[in-house]
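Below, chain A partners chain B and then partners chain C, in two separate complexes.
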Partner chain A sequence: MKQLLQKWGKGFGIYVALMIVFPFVMPDEYYRSVGIIIGLHAIVTIGLCLVMGLAGQISLGQAAFWGIGAYTSAVLTTKYGLSPFVGLIASAIVPGLFAFILGRAIAGLQGYYLAMATLAFGYIVQIGITEWEPVTGGASGMISIPQVPFFGGSELSMYYLIWAVVTCVLLFSLNLLHSRVGRAFRAIHKSEIAATSMGIDVSKFKLNAFVVSGMFAGISGGLYAHYMGILDPQPFGLHESIKFLTMVVIGGMTSIWGALIGTVLIGFISEGLILLSEVIPGLQGDVDTIVFGGILVLIVMFMPEGLVPRIRSVYEKAQAKKAKEAAVKAQSGERVERKAAT
Partner chain B sequence: MTTLLEVQELSRDFGGVRAVNQVDFQVREGEILALIGPNGAGKSTVLNMVSGVIPPSAGEIRFASKPMTKVPGYEYAGLGITRTFQNLQTFDDMTVLENVMVGMHTKTSSSLFSCGMNLGKAKKEEKLMEQKAHAWLGQVGLATESQRLAGSLPYGKLRLMEIARAMVAGPRLLLLDEPAAGLNHTETAEMSRMFCEIRDSGTAILLVEHDMDMIMTIADRIVVLDQGTKIAEGTPREIQENPRVIAAYLGTEEE
Partner chain C sequence: MTELLQYVANGLVSGGIYAIVAVGFITIYNVSKVINLAQGEFLMLGGMVTVALIGMNLPYGLAALLAILAVTAIGIIMQKYVIDYVKKASPISLIILTIGISTLIRGIASFIWGKDAFALEPITSNEPLSFGGVTIATQSVWILAAVLIILFLLWYLMEKTILGKKINACSVNPMAARLMGISPTKMSMLAFAISGATGAVAGIVIAPLSVTSYDIGVLLGIKGFSAAILGGLGNPLGAAVAAFLLGIVESLGAGYVSSGMKDAIAFLVLIGMLLVKPSGLFGERSVGKGGL
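Showing the complex of A and B:
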């Protein structure tokens, strides 16, 4: 733990502190549920960041893995009476398998073609869930999905359970980023030729990144199902996939912290819009889609690297300037001293 | 001396145009073989085939007696062939140290899970990679730049970084594609000295280069290509005196 703190520094400490106190400082218990949903989204977006920001593979079907995870655990626990913990494990494995098969099938695709293929996959999954009525309950969905028996399953204990998972996913991804595998992902993103000539099996590592992101999304989906207690196919479509993408891009694709911060930001903006809509009657319906679309356009135009990398580079420049000024001062001071001595 | 790399009747077509035509040559253990020729002679194409970047249209490449034409590109590094690139292929958003650490990929094997959990094996390998990378950054004179982002380095230093990245895993054959391009005279001289050291430490070099000073000082043997065909092979002295080479290549310079 000490080592971890040293490695990730103050940022990690601040994250843990904020995460723990959040449910208590917010005035309303309602915000616990907001925190839970943000946490669930963060698990997905951190995974998406690995595949998109690090390995450079666009995915427009992340909500589909989320949905497969949700329905896997929901069906296993509701129809077959398995424990939610077993369901949650399956909710990581089954989407992982789907990601593996899809990843193998589209291994040769790049850029637009990969985007199209994952988009199509997203549609197929959502339609599949809607039509497979005997198992998934079709468009009307499923009800009375059991809660996760974690400290009584209260809202607060769910909040901590989910943020514990977020923390695990975050640490796993940060470790990965600064490892042989993470560097292989980043190398592929910059130059596939150079990566290959360094001995990196490009298609294998792309597939790995894809499967991990699918598994993260699946775990989040499983937790979502047990938290909500009801499921229908509506949230697992393109709209949600684009929302995940927006979160990652705003925070900064190349940064794991960026994915988390982008997710939190979009979560709060969402809540802000809901509050606003109570004051301004015109602001109802799909306003959030318009706002997120607008934010995405602005970010891509003016800050393509995203928030976190931008802030980091501004901070580093300021530090460098400070150091330079200090050096100049020290030098001129020395000169004055020398003059005084002569 | 034993043959390390053997190229036989190697050909490559690009949409009906024969870029490389039935080229034969060998690289022996412990030598620097230079591949020269006028622009468009097919030197880079040969290097790309020998490094597994593009497959040959016909012919055979054997490395340490192993046929290589069916071997996938990513296995070359592990077998002991690494390379640098004419138009730099660096990982700009990584630090210089990380760039070189990527070169150790084939010498390590931690799985994704092991890396994510930061298990003992991953930690140990990470340390090994760092140690070797630091050592090679010292060798090429980039020790003080290790924490800088590669994207912020000047051209000449990036070339050195690519060499460190290619050498860090201790290959048996190093392929260099115009390493002196864009470098000044002092930098070129330093680089020549480094290549001789690399050769003397046991790594053979196949060098594609335009800088004649460099080639004539460090190459043990030279193969000359013109319009995709081999026109001469020999020591630097023999090549300088070869009338066909002078006609095709050096002649234009001596006018």
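Showing the complex of A and C:
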């Protein structure tokens, strides 16, 4: 942990400062709600990043875990009158169980098969939520889901609650990255065969990543349900899964920070598009899908490693160049001095 | 009994459409080892462009022809400028790429045509046909005819012509094919053109039966791909059979279990299949290296 703070000291400090200050820079309730939604998405994408970047798998059904988490907590609190905190704990456990079962089942799958299986799972969950009307309210959804009683449940306190969860998830994942587990994951990402021969239980690690990502998505879903107060099955489909995918891919699959930064970026792009559609009257249809699709295509074509790793490598190169130049200067300076001495 | 036959007849029609999509997937996959997840969008574009052109007062046949050509061109452009650019990408990158293309096409379609559903006139009459209590729309006959013709032509192309041999050569060993003077890039482009054209035809013939809108491609694409996996990726004949089976199972499920669960049934079949036998009912005809 200490080592981690040393390594990430500056970046982590900036993150905490920005996160705390944001609701006061934009004191509008609307921007606070935007901040909350971005935080909720960030919890999901950090988990997805563990699956994609570290375990080298792909999940096109992340919104399904999100939805399972949301409905678990919503049903437990509204139908059975349990406390939202119990609901939130269940909203982590139930999607985790689903992820465990699905992960166990599809452990042998790779590439396209895995993409297809998770996509199909996403569809089944969305259809299941819509069809299981007595419990989930079907297509018309659920209303009056209680709020989380956290400092009065105002917009501002929700903002801090959610970003506190984001910070925990972030620290957990960064810590994981710099532990033995993280090194094992990176080995798997590079070459599964080499990792296996070094004694890493590849399928166990992959399954763990999948379960953790499902739990993260579930917690986020539970918070989403309590924050919104209403739920319907519509946001838990393919559109949202692709949005999560775009967030992870734009930031850089192999970087946890990339997932966070990608989420913030896409969050603001979405808001910008909403503003734009108010200004330009002729704008119809899903303009955001054009942008997300375009981003996915362009990133894979021109910057497959993603924004954050790219910026980091450019920065490191510049640092190295500077150091080299300084060394050359020092050397030549020495030479001049020597000449003067003779 | 009539009820059962009715469901089977309905299933055959939707199964036929899945068969075209599945064979489109496999045509591309065999040559370039790319799964084109934008395959469903070819169907959507076929239907939507035809509707749009008819809206410009073009005659039906001409509109359909132009739509097929346009979608074929889109397939070629996609291969030439996007897929070919990232030749060495990992399967995950390719999945992300083709999903991106599919999302992009869908977004543009919703931008141009809006989110409304459009109906296309049936090719011939609107009268349903009746065979011993089983009624089917005349359009269904057209669909099945189109499916069978497309499947036959593809079989003929792949098995009986030099061009088909060249395509096969590229899927078996691209390096050796190149040494024989066959350009894998060109063959891959041809595969995209074929999938684009067949997809467009499927999109046009299905449009009168169910309405067409900007988002029909997703489900059709996924179900076609499910059929391709069920039949064994890389095996066009197996995929076509699996597609018909999938259509019938789905239709029976919708009839006897719950119509709302119709789509879930297809996916449950897929997940079940992946668990029991990922190589598909008829096994992957593993051609060449660089597969999954």
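The rule we apply is simple: the second predicted complex is superposed on the first by the 333 of 342 C-alpha atoms of A that agree within 3 Å, B and C clash if a C-alpha of one lies under 4 Å from a C-alpha of the other, contacts with A are read in each partner's own complex, and residues count from 1 in each chain.
Just so we're on the same page, contacts are C-beta pairs under 8 Å (C-beta built on N, C-alpha and C of every residue); 3 or more make two chains touch, one makes a residue touch a chain.
In this text the structure is predicted, and so the values were computed from the model without any measurement.
When both complexes are superposed on chain A, chain B and chain C end up sitting side by side without clashing.
Of the two partner chains, chain C is the only one touched by A:52; chain B is not. Between chain B and chain C, an angle of 80 degrees opens at the CA centre of chain A in the superposed model, to the nearest 10.
Shared-chain residue A:90: touches no atom of chain B or chain C. Shared-chain residue A:256: touches no atom of chain B or chain C. Of the two partner chains, chain B is the only one touched by A:212; chain C is not.
Judged by the touch definition given at the top, the superposed model places A:142 against neither chain B nor chain C. Touched residues of chain A, counted separately for chain B and chain C, are more numerous for C. Look at A:295: by the touch rule set out above, it reaches chain C but stays clear of chain B.
For the three-chain overlay built from the shared chain A, the minimum Cα spacing from chain B to chain C equals 13 Å. Shared contact residues of chain A with chain B and chain C: none.
Per the touch definition, chain A reaches chain B in the complex via residues 172-173, 175-176, 178-184, 186-187, 190-191, 193-202, 208, 212, 254. Chain A meets chain C in the complex at residues 52, 56-58, 60, 105-106, 108-113, 115-117, 119-121, 123-124, 127-128, 130-131, 238, 242, 245, 249, 283-297, 299-301, 304. Per the touch definition, chain B reaches chain A in the complex via residues 51-53, 72-78, 82-83, 85, 89-94, 98, 101-106, 108, 110-112, 115-118, 122, 125-126, 129, 165, 169. Across the interface of their complex, chain A is touched by residues 35, 37, 82, 85-86, 89, 91-97, 99-115, 214, 218, 222, 225-226, 229, 233, 258, 260-261, 263-264, 267-268, 270-271, 274-275, 278, 292 of chain C.
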